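Shared between the two complexes below is chain A, which pairs with chain B and chain C, respectively.
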Partner chain A sequence: MLLIDCPFCGERPELEFSYGGEAHIARTPDTASDDGWTAFLYDRTNPKGIHAERWRHVHGCGRFFNALRDTVSDKFRATYRIGEARPELE
Partner chain B sequence: MAEAARRDALSLAAHTHATVTPLSACSRFVLRGRAPALAAAGAAFGVPLPREACRAAVVEERAALWLGPDEILLLAPEAERDAVAGALHAALTGLPHALVDVGHRSAALEVAGPGAAFLLNAACPLDLGTAAFPAGMCTRTVLGKCEILLWRVDAARFRLEAMRSYADYVWRLLEQARRDWTG
Partner chain C sequence: MQRFNALSLLRRSVRGHQGWRPHWRDPAPKPAYDAVIIGGGGHGLGTAFHLARDHGMRDIAVLERGWIGGGNTGRNTTVIRSNYLFDESAALYDHALKLWSGLSQTLNYNVMFSPRGVMMLAHTLHDVQVGRRHVHANRLNGVDNEWLTPEQAKAFCPPLSIGPGLRYPVLGAALQRRGGTARHDAVAWGYARAADAMGVDIIQNSEVTAIRRDAQGAVSGVETTRGAIRTKKIGVVAAGHTSVVMAMAGLRLPLESYPLQALVSEPVKPVFPCVVMSNSIHAYISQSDKGELVIGAGTDAYVSYSQRGGLHIAAHTLEAICELFPRFRRLRMLRNWAGIVDVTPDRSPIIAKTPVAGLYVNCGWGTGGFKATPGSAHVFAWTMAKDAPHPINAPFTMERFREGKLIDEAAAAAVAH
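Up next is the complex of A and B:
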């Protein structure tokens, strides 16, 4: 089974987690144009390779955290807490 | 040969033996707050609240279980509900927190015996070896299709809490697994 390294609880089975979409998307100001809102709501990078995304340890500590996952191999390369900077991968 | 096979079967039964027992009702509170609120609550509750992830602290009949970085489950005997609630409300006045009585939300089961971890692993994907999940560790996890709270009280004894409406499902699932192994 795929193990995901929760920044609070450590390695846990994938079944305990839920996916939360792409990470590091800052909310657009209320005064933004329609194009600004469209970009905020719908435009995603959808990369082939390393993807920064939010996960939630929903059947565990309940916390959201960020993860770097390789969308080709489905390997989790790093996990880090909300508010921390995206780590550099070697 | 037949005797050797019989001995193997007996020793397997000895390793996989486990019992599932419903536990009586108790008082439960979920406390959420930052460090000052948790420290004040620990003093009032009489159990220092665990700050290490996935650990439980026990003093006599009361227990505090780490559920999340700012979330603690408090367990106490059913008769102490009002006393605990009163003491916590008094201690937490002026500190931002959320204290919710969830005493009627869950049903508790005890899974005990040398095969307790083996039995739970029929439907729980966690590593329940004593290295990865030592006595005193507690966590929310999943059992089949149900979210449960699992606490290893000691090496061969687990306390399991599930939402009351799922208790029947959890019981039947464990009972089926138990009968599959112990015949």
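Up next is the complex of A and C:
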């Protein structure tokens, strides 16, 4: 089980959270086209490496936040609040 | 190729089993091939076999990052069935099931296909309605599936507990008698041996690092950890790593990769005659010929390539197994592991051409690709050879997501997603 650092509550076990899919997929005016809508709904980066993703601390503060996690090791590299830019990792 | 039969086995055994040769060669990659398959699992090796046997393409390389059959082919729980809801899926999976029944003869290799019956349990009224709907839909498509009462389910699978005090009461079950299991390693080895005998080069420990394109955008080759290879046709059959490979050609796919876990118990005498799966409480179980109970759990919730999976996912499945089969409560689990499965939004595969000329993809099998291996390989080889889909895989395009023609089998999969 993962330990996840909620930006509001601190480190809590994975069971308190629900996963919300890839982060930073925004609806823009381009999304109105068939191709844009397909990309928005379905196409995903699915990287082997650092993944920006949404989590919700559903059994805690109830709030959404974003995280950067390494999909090879499952290690969380950063968590940050919704609306903040994706942090740079060294 | 040394063919296997009773006489050849007898002759070798009286000579102390000397003189068996490796089942396939270990060639160095050539500078160019007519076609390159990326991924040496069952689907990829089977594709090479059908390209060579059915379409006369012998100048083929199968590139495998690790060893053949070491990915999901060697990690799955080997359940085979074709009782999918929609017409397109029933056609695809039943095509595979028909090929399974003759596969050992086709390959001259015992894949130990055992149609011992696959029983899917219903625990709620909703499960019953969905299960019966599947039975009717399957029968209209010529796929065998029948509805059992709890007593009939217990008679078919004696270890099953159907008492009224159960946390998960058994209200009925759908049984596909033609379903069953096969030996997963033998499938990879059998296809590899048969393809190799027709001249296919199986190149292991060779990871693809780039896909080359020509001035028109068509594929012109691949770069690997064992050198560059020129080719006009590339088939990507990379399961959980499909997104990684396709990104080398600049494509984003409707895929996400998750760890799917499985476990085996210590080996015991034959106690479990069939395959039992439960969609709503998330467990499936069968017994291997070695005697281990083979148990399938669910996927983790998040994208991962870790081939490990969370302990609570496996524990959840074991709780359900102990409830349904109380006699297994004191069995110890020997090993657990995960495979990385590539899941599409509608839980149906993509077996298709891509927007890049010469690039073909066979992916998105999610949590249930093993059962489709022979059918998938057959129609994908057709698609690559003719540059056009076989009628069976024609609906399984990438464009179906743009056009809204989803084949939404999320509910038909054995495990809740």
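Structural remarks
The definition used in the following text is that the second predicted complex is superposed on the first by the 85 of 90 C-alpha atoms of A that agree within 3 Å, B and C clash if a C-alpha of one lies under 4 Å from a C-alpha of the other, contacts with A are read in each partner's own complex, and residues count from 1 in each chain.
Here, a contact is a pair of C-beta atoms (placed from the backbone, for glycine too) under 8 Å apart; a residue touches a chain by one contact, two chains touch by 3 or more.
Quantities reported herein were computed from a predicted structural model and do not represent experimental measurements.
In the superposition on chain A, A:E16 makes contact with chain B only, not with chain C.
Legend: residue contacts after superposition of the two complexes on their common chain; A:A32 is shown touching neither chain B nor chain C. When the two complexes are superposed, the chain touching more residues of chain A, out of chain B and chain C, is C. Judged by the touch definition given at the top, the superposed model places A:G62 against chain B, while chain C stays out of reach. By the touch criterion defined above, A:F8 reaches chain B but does not reach chain C. Shared-chain residue A:I82: touches no atom of chain B or chain C. Residues 1, 15 of chain A are contacted both by chain B in one complex and by chain C in the other. Considering their complex, residues 1-2, 14-15, 18-19, 21-22, 34-35, 38-39, 41-48, 51, 53, 69, 71-74 of chain A touch chain C.
Contact residues on chain A toward chain B in their complex (touch as defined above): 1, 8-10, 12-13, 15-16, 59-63. Taken in their complex, chain B has these residues touching chain A: 53-54, 67-69, 71, 125-126, 139-142, 147.
Within the complex formed with chain A, the chain C residues making contact are 241, 243-244, 252-257, 301-306, 308, 310-312, 342, 345, 401-402.
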